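I'd like to ask some things about the structure below.
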Amino acid sequence: MIRRLFVTLLLLGLAGVFAGLVVSYSPDETLNLSARYYAEHTAQDIGAANIVTAIIVTFRGLDTLGEVTVLFLTAAIVGLVLSHGRREGGGSGRELPPAGELLGTGTRLLVPLILLLGAHVFVNGHLTPGGGFQGGAILASAILLLLLTDPLRRISHRLITAIESTAGLVFVGIGVLGIVLAGGFLDNRILPIGNLGELFSAGAIPIIYSFIGLKVGAEFSSMLAHLSETEDL
Amino acid sequence: MAANSETLTRTRRIVVMFATLLLFWFMLMGRVTADALIVGVIVSLAIALLFPSGLSFFTEFRATPAAFVAGVRYYGLFFKELVKSNLRLAAIVLSPSLPIKPGIVKVRTRLKSRMGRLMLANSISLTPGTLTVEMEGEWLYVHWVSVGSTDVEGATAEIVAGFERYLEVIYG
Amino acid sequence: MAYIAMATGFVLILIGLYGALTNRNILRMIVAFTVANTGVNLVMVAVGYLHGRTAPILDASVPVAEAAERIIDPVPQALVLTAIVIGVGVTALMLAYAYKLYESKRTLDISAFKDLKW
Amino acid sequence: MVDSLIYLAATIVGVAFLLALWRFMAGPTAVDRIIAFDSLTIVSITGIALAALAEGRGIYLDVALVYALLSFLGVIVVARYIERGF
Amino acid sequence: MFSLLYLLGAILLVGGAAFLLSGGIGLVRMPDAYNRIQAGTKATTLGTLLTLAGIACLRPDWALKLLLIGLFLLFTNPLSSQVLARAAHRIGVKQAPQTVIDRLEQDLGEKP
Amino acid sequence: MILLIAMSLLLSLTIVAAAILAIRGGQSLAISILAAGLVSLLASVQFLLLAAPDVAMTEAAIGSGLTTFLFFFVLGRVRGGEHD
């Protein structure tokens, strides 16, 4: 009871603070300095139509590298934490209700389409909304659909690890190439900038983002695969 | 000989898959240019090879002129049924007494190919008023908002026959 | 519109905090955490919104020359985009720990885990 | 006149959205709530398309594309859970 | 800007919205879960298709992308409603008292 | 503009209602998770109205399938634990 009261008081205080923030918030009329810089210089310097992508991959590319590393660490820790309760082989004793013919056929029809959409999203990351993170999540959704149809299906960990580490190495390698050939780490001007709005433009951004997409997709897939191999408690 | 034809169908499936994916790729890109073609070929080939058990519309398609004609007429029938049954359902929903007579009936299908059966079940499910609940072998269990006839033959004639006539020509 | 979204985000944060502080089931606490997470993202995107402007993607309807006058602030979007992805990773991690906790004590009640409390 | 027709359509869509929301909040069984969830996501696709029309930005439709292809996953996850499918 | 295509698009939009509304009303009024699936998730499919067609009439340059959205909806929607109906039947969700027949239940009962 | 503001208001209402359903005790945990999934799906539409299609796409791709699946998977593994 005391606890409830305490929580309510705390939340009321926070609500007061938030209400003050909302009331006193006055939206800007124009862009602030850094945003104005990005808006004016992205098209010439980077060549990407999607400014958010330009920020993520080049202006703040180092942050993205850190983020992909964090994601890799979470995937690895999930695998480590769950490594005990692993089911041996495919032969679990549980009786699962079969997925039914329609879901099986539908999965076989839809998984290639979902994979294609994921690839489209990260290849076009510099032109349309989307990019490596979204595309990776969509790729992992295809793996998720496979697991839903057949929960006992085993996704090859070796393949996932291979894709993941190759993509990570290529990502860092392109970054180092940027130091050698252009202005600095993860500089995208190692390839010609090209014309705004074409598929092969924006220097190395499509390549970097494709590999980020593969890496993120592999990391999510490895999380899903590790979870699906746990035992019932 | 059997193994040879096995690899032949496998190759055929992969080629059909690749072509379908490339078609979808160009629809997604919205333009047919050289750069889109290069990336599209790479991506489609990778997916088709990585996922050889995938199906597409055209995997079991019989490439005969009759099949094309049947395909066009099938879609015509499908959209006609879709609008008609939606109007019927809207009338049911809007009438104050809610005149429904629901039930799950059993119908029979002659289709054998996977895509044909999927398309049949999807067509039944998409037209409101009927909904495929379960599919076992040649039997389909269909939930029906206003049951017309409860025996297998009558229900088959009312629900399945129209779609099946064309799908049989298309997919077999 | 920024005000609406911002207020929604703050309300979501409050609701999520309330849920996390009053529920005793670990899974319910994680659900409340994700709700609060969404609220934080909503507030951050709302801060970047400028009235009457459009998305920071240049195409035929937003030519390069007018970009600085037509688009909204892209920096919060870039932040939130990665925050969402990291959020999923953190949720997966918490769920894996919840699974391990259930394995050790056969319960998800938070008051059963007092080993490190002092 | 045409613009008012568009506004009329948007209003009707909003009412449908509210009805589905009512079913989601009230639904007696879990299955009812899942149905309402499905309907809400489908109506949201219309909402996204209308927003794209109002803003005049075709690129917003990419989000609707992802929605159309992925929102059914949530429903299948819950359906497989309630029949103890994984 | 008042052309025939524009008017057709607006009319299609209103028609689609009307179907969405009928789906919503059905979702509220139908007596049991199966009938709600019928009204709720499939009347809304046609409604969404019609609104997408209407928007394609208003903005013909978006037609390809709208067509793709409609196609994906046509693939995914029956699948999810079918899986849901099957799960509902398997866990034994009650049917409305007006139900006249349930052949699936009978056949499941006959088998061991 | 009015259209967008009205949509935004409607979405906000729905999001808050679903969030309250998500954290309310006393009903099954599955409903809570479903409601949390609805919160994130509708938040993605709200992001789109705030002119952030990138963020909207991320939330739609992740919120619909992945998060819901993670929750339900662990919930399915810990049968019996959901009532504590």
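Each chain carries a letter (A, B, C, D, E and F) given by its place in the written order, and its residues are counted from 1.
Assume a contact is a pair of C-beta atoms (placed from the backbone, for glycine too) under 8 Å apart; a residue touches a chain by one contact, two chains touch by 3 or more.
Because the structure is a prediction, the values reported are computed rather than measured.
Listed here as common contacts of chain E and chain F: A, D. Comparing the chain pairs A-C and A-B, the larger number of C-beta pairs in contact belongs to A-C. Chain B and chain C have centres, each the mean of its CA atoms, that are 40 Å apart. Computed from the mean C-alpha positions, the centre of chain A lies at a distance of 32 Å from the centre of chain E. For the pair chain A and chain D, the distance between mean C-alpha positions equals 24 Å. With touch defined as above, residues shared between interfaces to two or more other chains in chain E number as follows: 18, 25, 37, 45, 65, 68, 72, 75-77, 79, 81-83, 86, 90. Shared contact sites, meaning residues of chain C that touch two or more other chains, fall at 2, 7, 18, 22, 49, 54-57, 59, 72, 77, 81, 84-85, 88, 92, 95-96, 99, 102, 106. Shown for chain B are the residues that touch two or more other chains, namely 24, 28, 121, 132, 134.
Those chain pairs judged to touch are A-B, A-C, A-D, A-E, A-F, B-E, C-D, C-F, D-E, D-F. Contact residues on chain D toward chain A in their complex (touch as defined above): 59-60, 62-63, 65-66, 69-70, 73, 76-77, 80, 83-86. Note for the complex: chain E touches chain A at residues 72, 75-76, 79, 82-83, 86, 90. Residue ranges of chain A in contact with chain B, taken from their complex: 100-102, 105-106, 108-109, 111-113, 115-117, 119-120, 123-124, 198-200. By the touch criterion stated above, chain A contacts chain C in their complex at residues 4, 7, 10-11, 14-15, 18-19, 21-22, 25, 27-32, 34-36, 38-40, 42-43, 49-52, 55-56, 60, 63-64, 67, 70-71, 74-75, 77-78, 81-82, 85, 127-129, 133, 137, 196-197, 216, 219-220, 223, 227, 230, 233. Those residues of chain E that touch chain B in the complex are listed here as 18-19, 22, 25-26, 29-32, 34-35, 37-39, 42-43, 45-46, 64-65, 67-68, 74-75, 77-79, 81-82, 85-86, 89, 95-96, 98-105, 107.
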